[in-house]
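Several structures are given next for inspection.
Both complexes shown next keep chain A, but they swap its partner, so chain B is in the first and chain C is in the second.
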Partner chain A sequence: MLEVQTYPTIGEAAGAMDDQARFLGGGTLIMNRVNYGDPRFNRIVRTTDASLAEIRVEGERLEVGAGVTMAAILASRDLDFLAPAARAVGGPAIRNMASVGGNLMAPHPYGDLAVALLALDAVVRMASGEELGLEDFLARRNGVVRSLLVRRPRGDEFRFRKVSRVKPKGVSVMSMAAHLTRSAGRLSGVRVAYGAMASTPVRVRAVESALEGVSLDHAGIAAALSAATEGLDPPDDPIASGWYRREVAPVHLRRLLLGEDAR
Partner chain B sequence: MHAEYRKDLFADERSDDFDVVGKPVIRQDILGHVTGRSKFYDDHAFDGLLHMRCVRSPHHRARIRSVDSSAAERQDGVVRVLGGRDVPVNTNTLLSLINFGRDDEPLLATGKVGYVGQPILAIVATSVRAAQEAVDAVKVDYEELPHVLDVEEALKPEAPIVNDEYPNNTFDYFDTYDHQKLRFGDVETAFSRADHVVEGEYQMSPIEQAPIETCGAIAAPETSDRITVHTSTQALFFSVGVTAKQLDISSARLHFIGGTVGGGFGGKVDSHHEPLAALACLATGKPVKYMWDRAEEMQVGGPRGGERWRIKDGVMRDGRIIARAFTGFFDAGAYTRLSSYAVQKSTGHLPGPYSIPNVASNVYCVFTNRTPSTAMRGFGITAVDFAIERHMDKVARVVGMDPIELRILNAYRDGDMKAHRREAKNCALIESCQAVAHKAGWRLSADAARASSKTGGGEGASGVIPETVTDDEGRIGERRRSGLAPEPFSGQGTRGLLPEGHSSNNSSAFGNAPQREDMEAEIERLGFKGGPGAPPTPRGPVDEAASGARPTVPGETSRPAGAGGGPTLPAAYAQRPAGTVDQSIAQPPAQEPAAAEVESDSATTHFQRGVRRPGVSRFISGSRRR
Partner chain C sequence: MKSPVTFRLNGSETAVFVDPGANLLDVLRRGCGDLSPKYGCGQGGCGACTVLIDGEPHVSCLVLAETVAGRSVETTGGLSNGPDLHPLQRAFIEGFAAQCGYCTPGMLMAAKALLDRNPNPTRPEVEEAISGNLCRCTGYEPIVDAILEAAKQRGAA
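== the complex of A and B ==
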């Protein structure tokens, strides 16, 4: 049988977790497993902790509660840079429920918001208060998340793009995000992340290093495009084959980097 | 995109009072859908609703040595475990309701399984979770057996038997052949005089209908001893009939409520949920829901079947196609469902919208250890159309001709005789090609631009049924014994000859003889038969020979007057010149009725012949039909 446990604070909820429990955020991932009688867990743990839904300014960084929904991001002036990624998640009904914390846990090919957060070098604050980089978090993907810490990018240096066959609600063929920081007119310290190109959202270091010190134009990004899928083995799934993902990745990367309109 | 309608093409065909196309139309059900007020079957709530999950085969083909559900039965929340022996009529075939094919598919498998995901037990419990945990606790001891997944592998003599009811791995057509034949003219002679012979093979994969709402049904008891079934079926009366048959109860006890189908596309005609939910309702006295999850919908739900088509064309230098032979394989999966019918539907469609004087096809409904396939959007037509049109392009390349002009040259014109012996009417392929070429800025030659569907049709040989070569190859079981190739005329079987004739329209009694007696359209079975007081003469189509709508063929007698209510022997059979036809081919002796017998039979002879066959459901009895 399935039990639902509700705790007043995120800390207590985190303490109640084990491998037979699932933490309920917005429920968009868990509830369809419940509806289908998934026997891999027998407890649902949730919290009424109101701080999870808060968006706070913390010095240079914004702290986004793990329970903040996609719809709340779209409604937030402080998080306008995340709006394109939040809007790429599901339809309105899903966005009303789906949470930031859940998006970090979403299995392939979901998790478009996490791709944006990864490119923005977000830091994950766990229920225990421990902080770790999003990349490290995605590598093990366990524990209960309290919030995310993210810096607002400047000007137009942040780009996000989701490629799907069905618009506007399609599942990702791939999603891409780039934080194009510059130094003296040339790219420097760029971060590029892909979604649906590996089992979790990943940074693409080959592309990042190929963009170091180049100018943001056709000639400058040529090396990055030829390294678009270096070190990646994109998965086959019902949305697209790994072969297809590899073939089209350079095209979408070019459109992302140069801000080209692709209909 | 702005749409343009070329109503002028059909100006003579119908009154031009349609005013729907091209305008936004509010669908009658859309308001309920967008406001969330439409009730789908799963929106009906019941106190104490029970849930059903199935134990399914993990193997393509296996013998079931034993099933141990004792641990499952003891689990919390488990109310009932149902197996094949709990189903009153466990074996069914969908089209038994129209008396086509033999019962071959168990609702719950016993003894053996034929595809991955085939249900063996249905477990009813107080929650989906409890039902699923019980499913996981069932121990089934399988002896895995060799399986076959490819249609042509399945035809080989050494292939494992997929479906015990059809041990040759092919559906039986007319109790005689392992395939559906089409013979029109003489393809062999035409191939030998063609300038080019162009061959091609085309393979289409299965496609899952993928409805938003997965298939399911809720069956709930009523105090009136009836069962109310809320269902997602797209074939409500079909599902009622199947449920009544498999539960062996009167359909008067079944109250089916449907109408809101959350996406069907053909995938919701198979009627497996309704019998199982209703059976569990009878067994427990409680409302029961049986609903597939998404994985089941994809793995177990019947898809559009895979099809393989080989096309061989005989083409003249000028692009004229003088012969076309098809070999088609429909992958039915482990059981028949609707694939037997898809084969016939596709055969009626051959050779595509082209006037080809010599056509032959062998089309097979093949059993393999795949998920049984079923209906989906034009099934039987879409795949062969794809093959035909790809092949037209290939022919165009071989003869060095513009592909659109090749189509215009060979397109049906009004009055041309089609391979299934009906006259082509309302043709518009030429005009469609011209419109497309114009819109695309594609230059057509003056001849092609001038062509019209209304001129040149039915001239000379193109208006008559040619003298047709027949054969008796591919009798049931022969292929498996001898490894006979599947293509038409590929063996040394006896050949027959049917004389030239004219359009048959609704009955070949007006024109040429059918290849076999049971291909004769049974006029008395078409439409409403009338009450006891109705005149005994069938209400067939107007006698065209008598009405003068069609010229009478010299030497052909018109339909005998006063035929006493039954189908008569076609004139062409009676007049066949001695020595040109081997009677044993056209009509196998064992099944050949004497002429007098046919004349004297009542109008219901053919109907009853089917019903009296052993194993055929009494639910299609004459009394029920009336």
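== the complex of A and C ==
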């Protein structure tokens, strides 16, 4: 028999977690499992902690509570740079429920917002107060998240693209995000992340290296396009085969980097 | 152990006992006897169970029932005023926007949420508003047309 435990603070909720419990955020992942009778847990832990839904300015960083929904991101002027990724998640009803914290936990091929956050070098603040890079968090994916810390990108430095067969709402063939930082007119310290190209959102270091010191044009990005899937083994699923994902990735990477319209 | 939950259902104060982990759709259908929201996929993928919570669309199959305590829930069951159908319902009938009808309650609630916020939507805005609702027989064109027609009728009223 399933048990639901509700705590007033995120700290208390985190303290109640064990391997038989699942933390309920917006419900889009966990209630799905409940409806299908997932036998791997027998407790749902949740919190009524209102601070989880807050968006705060913390110095140069924005702190986005784990309970902030995709709809709340779309309504926030401070988070307008995340709007393309938040809009890529589900339809309006899902966006009213799906949370930032849940998106970090979403199984392949979901988790489009996490791709954007990974390219933006977001930091995860756990319920305990511990902070760790999103890449490290995705590698272990456990614990209860309190918030995400992210710096606002400058100007047009940030790009996001979701590739799906159905529009406006469809599951990812892949999603891509790039933070195109520059130094003296050339790309420098660029971060590129993909979704639906591995079991979790991943950084693509071969592409990042190939973009170092080049100019953002067809000639400059040629080496990066050649390295588009280096080190990756994209999964097969009902949306697309791994072969197809590998074949089309350079095309979508070019469109992402050069800001080309796909239609 | 069941827990008591009180909320407003289509404007009426409602109290039900819910099982731990029960979703809102089950509680509406089995606990409250409101059979208007439909069970489609149980994964939030089809939108047949869409209801409004505090005016915003939610897929009720993925809402933990106890989280609606103290909130307002609207379903298609509360759309008409006695024999007077809601403009959306009239437009769906007149525009043949319901064939088998299974997706219709979800479509209507997604459309109501849109028109309540944006009385004069564009076609792309309507398409976006129902993008989480699957239809597998009527086809989307008559549904989008009906929602635009309902907006026009409401504007003219």
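Basically, the second predicted complex is superposed on the first by the 263 of 263 C-alpha atoms of A that agree within 3 Å, B and C clash if a C-alpha of one lies under 4 Å from a C-alpha of the other, contacts with A are read in each partner's own complex, and residues count from 1 in each chain.
Please note the rule applied: a residue touches a chain if its C-beta (ideal position, glycine included) is under 8 Å from a C-beta of that chain, and two chains touch if they have at least 3 such contacts.
Worth saying up front: this structure is predicted, and the values here are computed from it rather than measured.
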Contacts of A:Leu2 with chain B and chain C, given as first, second, both or neither: both
First, second, both or neither for A:Pro107, with chain B first and chain C second: neither
In the superposition, chain B vs chain C on chain A residues touched: C
Partner chain in contact with A:Gly231 - chain B first, chain C second, else both or neither: neither
First, second, both or neither for A:Pro39, with chain B first and chain C second: first
Chain B versus chain C as contact partner of A:Ala93, first or second or both or neither: second
Interface residues of chain A shared between complexes with chain B and chain C: 1-2, 34-36
Chain A contact footprint on chain C (complex, rising order): 3, 20-21, 23, 42-44, 47, 50, 53, 56-59, 61-64, 66-67, 110, 113, 127-133
Touch list for chain B against partner chain A, complex: 51, 53, 76-77, 127-133, 136, 293-294
Chain A - residues contacting chain B, complex: 1-2, 34-39
Contacting residues of chain A [partner chain C, same complex]: 1-4, 6, 24, 27-28, 31-32, 34-36, 44, 46, 71, 90-94, 96-97, 168-169
